[in-house]
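There are two complexes below, and they share chain A, which is joined by chain B in the first and by chain C in the second.
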Partner chain A sequence: MGGKVTCTLGEVKNRADFIVFWGGNPAECHPRHFTKYSLMPKGKHVPNGRKDRTVVLVDIRETKSVKAADIFLQVRPGKDFEVLTILRALIKDQAVDPRQVAETGLTLEQLTDLVARMKRAKFGVMFFGMGLSMTRGKHMNSAALLTLAAEMNAFTKFVAMPMRGHGNVTGADVVMRWQTGYPFGINFSRGYPRYNPGEFSTVDLLVRGDADAALILGADPGATMPQPAIDHLARIPTIVLDPKVTHTSRLARVHITTAVTGISAPGTGYRMDEVPIPLRPALKSPYPTDEEVIRRIHEAVCAKPDWIHANGQYTTNQV
Partner chain B sequence: MIRITGGKVYDPANGINGQVRDICLAGGKVVADVDGGRTIDATGLVIMPGGVDIHTHVAGGSINFARAMTPEDHRRAVAFIRSQSRRAGLGGMAPTTFATGYLYAGMGWTTVNEAAVPILSAKHTHEELRDVPIVDKSCLVLMANNEIVLDLLQAGELERARHVVAWQIWASKAYGVKAVNPGGVAAWKWGQDAKQLSDPIAGYHTLTPGAIIKGLAQIVDELGLPHPLHLHCNNLGAPGNVTTTLESMKALEGHRAHMAHLQYHAYGGDDWSTMRSETVQLAEYFNAHPNLTTDAGAVLFGDTVTITADGPWQHLLYKLTGRKWGNLDVENETGCGIVPYSYRPSNLVNAVQWAAGLELLLLIDDPWRVFLTTDHPNGACFWRYPEIIQLLMRNDFRRECLASITPKARKAIKLPELDREYSLYEIAIITSAGPARALGLKEKGQLGVGADADLVIYHDDPDVLRMFSHPRYVLKAGEIVVEDGDIRATPEGREFLIKPAYDEGIENFLRPLFEDQYTMSFENYPVEVQRIEHPEIRDCMGTE
Partner chain C sequence: MNLNVVKHATCTFCGCVCDDIELHADQVRIVEAKRACVLGKAWFLNHTAESLYPPALIDGQPAPVDDAIALAAELLDQAAMPLVYGMSNITCEAQRETVALAERLGGVVDSHTSL
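For the complex of A and B:
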């Protein structure tokens, strides 16, 4: 990552007069986003709410979110990186190759108009979704967008923010980072955290058949992962903690029903902007919380003899 | 119960300067005598109260952002291997939480003050602090760009502002108030900065940085907070900023204040090529004004990651380095910027910064008012403190290092003329007794009867670096936590909080403003005290 220039959602509410959604469909995927944070609210410095904001949607197809936008830019599938790179050149008044512009599905007029609007903004924000970060180019696409937002600060205030997914995936990312330095794809087999997405990510470990047991919490890989990964989950002892019976539960050896966090179990949720929100249960649950189950499993594991026979307490030479 | 016999004790708060004495510990405290228990023979060893870090960034959104930005550094960092009593973790430029506790304790530091907490994400900071083992903790809430407070200061409503500040301290479960680039971070939300103390801030009609500094210092004094206003001045890092720093100090006359990382505010010159150290005039003013304390914010050569609430400065640093840039603006309150950085001896600016930090420590004549910090991780990582102690105690070593910096810097610094060498007694003051006193933590930084049993036992080693890097024993709350470089125990630390007095009715004023400007419900904003691990609520001082 070349860095990230971002803000909390309240800054968008109070200041953003120019908003780009890139590769996402918030109208359907984040239904409260428009009304609560980005489009509709009247903010301290955008007192007329929606009227004070210009909204641009960039996507490969027309979604329900298009209706909410002032400008829709339809990019040819797989050409997001090219568009972002051209925009990075245009903001710096560098020449661009018309043939490359033509390949993106957009015209130079559309792009120069966008750049002019971006520069005129007092506070611009770019939200980007899985349509950008999970398609061809993947993290290169996100990096290009984040760099564009950073570079825009030479002209005006500009930030970018990923539209993170469901549940508390941001919370998991935040906690893993403070405990291990890494957000996901972490391997503890040497006794200290190592990180290599593509090698240590859950799906890779399962497809290769490297894992000999699985504890699944707050996810349903049985519904989303490729078949070889699912087959391996069925082969090994898999334990699922979930308030409901999931696809993964059906192929697991053990399913433990737990209380629903936020409804019948307390906790903390991290918003997509990493702002923590306390979750207060409204109901009592007959089931234990995830935390309690994990704590009891952990205590039982701790009672077993230690399996790491490390030479010393730390190493200055990671391998 | 432990009796430590035969050690040379350096306990400046009690005037003990290397005398051999027994120290007895029981119930987590220093006691007059013990009957039975373990005896540690410290004959020939040196005993000091545990280190106290008055200004560091170890927990919360900003350092966690820095961790995300530096995965390549994690690979080369020291790796802690888990055991049944110890968690795995990584050291490096932005250590993970468990490793942070191990690294501080491993060096003999037992109390740390996290210096920058936004109220909005204070829950996050406290969750991380829970995961920093062994050491005791406190934190400072960011206030000088909080728009509700700024609006009140502009309107001249100081009385109401005081209630709001007091409410916010308790809401964030903080110990004190930090002001970062007053008004400048708010201006940064429009892409601007606040560089002149007497100029109105972007987005405000009449409010100036000077008025924010004065207003907050007065509020902190009126509330009787044990730690004074903790000020990161405007114009950090910029050539010629010494004028701003001196003006800020003048604005503080009549109030207590702690000037954070003074090194970054001690420059003369007009631009990067003429930058020079102005520590002499700064120290002169400082020496004559006992209402002030400061910490060095010293720089060491090498790689680090810089993180600060000072967003505009970080944007400038990004433009200068062309490296990664992280920025997070926090609604209505503050912001933060993150830029990886390498300090090089061949670079004029970096050489001036390195010299200026040491110069302040050598030129300020009262060690009770200047403390050892690197503004971790900004000037260097905290686990490099022993290198600074070596530079302060060994003039010959300093001269060796001076030989390796760019010759261009020689005319721009004062360091070559300074021969002062710190004694062990003075080291105990700037690393422990002084910062504990400035924080108002009476039972820290000293070894008198009733003090917390936090102490460190060093070999009396002529190799200062080795001595301070590898304590023989470290004790926290009377328990041996480190022995010969090995972590023996990882007890949980406490957190110090303040609940200043405020009119409960202030919530009726805050609630509608909050619902207007924020994006969460007012009830979710304060940190519940149940979220704090071993909270210890401290008293405000009597206000006279």
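For the complex of A and C:
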């Protein structure tokens, strides 16, 4: 997501007076988002908290989050990209085709009202969830929303932020970007990183049968991935590191039990706004941490001849 | 009973990563997670320090961790295109080690983001 126009949640708390949630249900999926960061807190430039903020929810159906919003816009499923593109035209006073507006499930009045409010805002933020980024259009939808946020800066301050889900997915993006230059789907088979989503992404690799061994940690694809991908994981030698014996562990050759991140394993986790936060575990696990096990596997691999790198030296601290 | 109190503990269950949680724990379990939401409470209270699972399994049978690590290294080293996937629920420090391992293996490293 290079070039993304964004900010931290602290800035949202202290400044944002116009907030859009697009394709997400924070009331149920990120329960403290409203109270801790985005809607309720009184901030430096929004001293009255919720009263100083306008909240818009864009989704294909009514969720529990609707109650928290001032305006709810119900988009026809699969039409997010079209709505975003029409908004990009409207902010620049370009003509839009009424038939195309009609197809989105929204009216021109609703959209022009939204644009007027966006332009009146002092600090606008658009949060977007998987209802946008994982449905028809996928990353093109995210790109359209990020572009809209960037273009809004011709009129007022505007930013965008993905509502990241489980655990430390944000950290995974950040660490891979730091170490390889790319956020995910990275192939080292030539000895240097190459990036090509669709070719080197997990589901594609597994469904095509390209991978001939798998190491799975901090995830349970055996419970979530399409069946052909799971079938391939069962065919090849799979190794799982997890605090529990998971669905994937059951079809794996090797399972190693590890300590639970943040509960019995210390370290760092990234918040959705890419702010790193130290973890403070309360328990002592009888199991080793993922970090420890991976390092030991790495050391065992390094004891074998290196057939890829001419001079493969393992350094423990690659800073 | 003496409870261990951790102030400013961090919940990693969702992307909010709330770092204002107060945990009260005995030796094996967390008994209270102040300020956590329903999801966070469930996350903290459902994970204990008990040994509920064997340290390692090889072909479904309990095995010593050392053997499991040696076999894992062997299988990954033998593969022409090993895939390293996941990293959602692990620390950044573990993620760093994981990327380094994938590089040494000449494999593919990928996360939940690609789904």
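Assume the second predicted complex is superposed on the first by the 305 of 319 C-alpha atoms of A that agree within 3 Å, B and C clash if a C-alpha of one lies under 4 Å from a C-alpha of the other, contacts with A are read in each partner's own complex, and residues count from 1 in each chain.
Just so we're on the same page, contacts are C-beta pairs under 8 Å (C-beta built on N, C-alpha and C of every residue); 3 or more make two chains touch, one makes a residue touch a chain.
Model, not experiment: these values are computed from the prediction.
Q: Please indicate which partner A:Asp306 is in contact with in the superposed arrangement: first for chain B, second for chain C, both, or neither.
A: A:Asp306 sits against chain B and chain C alike.
Q: So, A:Gly10: does it touch chain B (first), chain C (second), both, or neither?
A: First partner only.
Q: Kindly classify A:Val254 by the partners it touches after superposition: chain B alone (first), chain C alone (second), both, or neither?
A: Touch status of A:Val254: second partner only.
Q: Which partner reaches more residues of chain A, chain B or chain C?
A: C
Q: Using the touch definition from the top, say if A:Val174 reaches chain B (first), chain C (second), both or neither.
A: After superposition on chain A, A:Val174 lies in contact with both partners, chain B and chain C.
Q: Of the two partner chains, chain B (first) and chain C (second), which one does A:Val66 touch, if any: first, second, both, or neither?
A: neither
Q: Between chain B and chain C, whom does A:Asn187 touch in the aligned arrangement: first, second, both, or neither?
A: Once the two structures are laid over each other on A, A:Asn187 reaches chain C alone.
Q: Is A:Pro278 touching the first partner chain B, the second partner chain C, both, or neither of them?
A: A:Pro278 sits against chain B and chain C alike.
Q: By the touch definition at the top of the document, which applies to A:Lys36: first (chain B), second (chain C), both, or neither?
A: Both partners.
Q: What is the contact status of A:Leu108 with respect to chain B (first) and chain C (second): first, second, both, or neither?
A: A:Leu108: touches no partner chain.
Q: Going by the contact definition given at the top, which residues of chain A touch chain B in one complex and chain C in the other?
A: Residues 36-37, 174-175, 179-180, 183, 188, 190-191, 193, 268, 270, 276-278, 302, 306, 308, 312, 314, 318 of chain A touch both chain B and chain C.
Q: Name, in rising order, each residue of chain A that touches chain B in their complex.
A: These residues of chain A touch chain B: 1-11, 13-15, 36-37, 44, 122-123, 150, 153-154, 156-157, 159, 174-175, 177-183, 188, 190-193, 195, 268, 270, 274-278, 302, 306, 308, 310, 312-316, 318.
Q: Tell me, which parts of chain B touch chain A in their complex?
A: 59, 61, 64-65, 67-69, 71, 74-84, 86-90, 92, 94, 96-98, 120-121, 123-124, 127-128, 131, 147, 189-191, 315, 318-319, 324-332, 335, 338, 486-487, 516-520, 524, 528
Q: Residue numbers of chain C touching chain A in their complex, please.
A: Checking each residue of chain C against chain A gives 4, 6, 8-20, 23, 25, 27-30, 37-40, 43-44, 47-60, 65, 68-115.
Q: Mind pulling up the chain A residues that touch chain C in the complex?
A: For chain A paired with chain C, touching residues are 29-33, 36-37, 134, 163-176, 179-180, 183-191, 193, 197, 200-203, 205-206, 210-219, 221, 224-225, 236-237, 239, 243-245, 249-250, 252-257, 260-272, 276-291, 293-298, 300-304, 306-309, 312, 314, 318.
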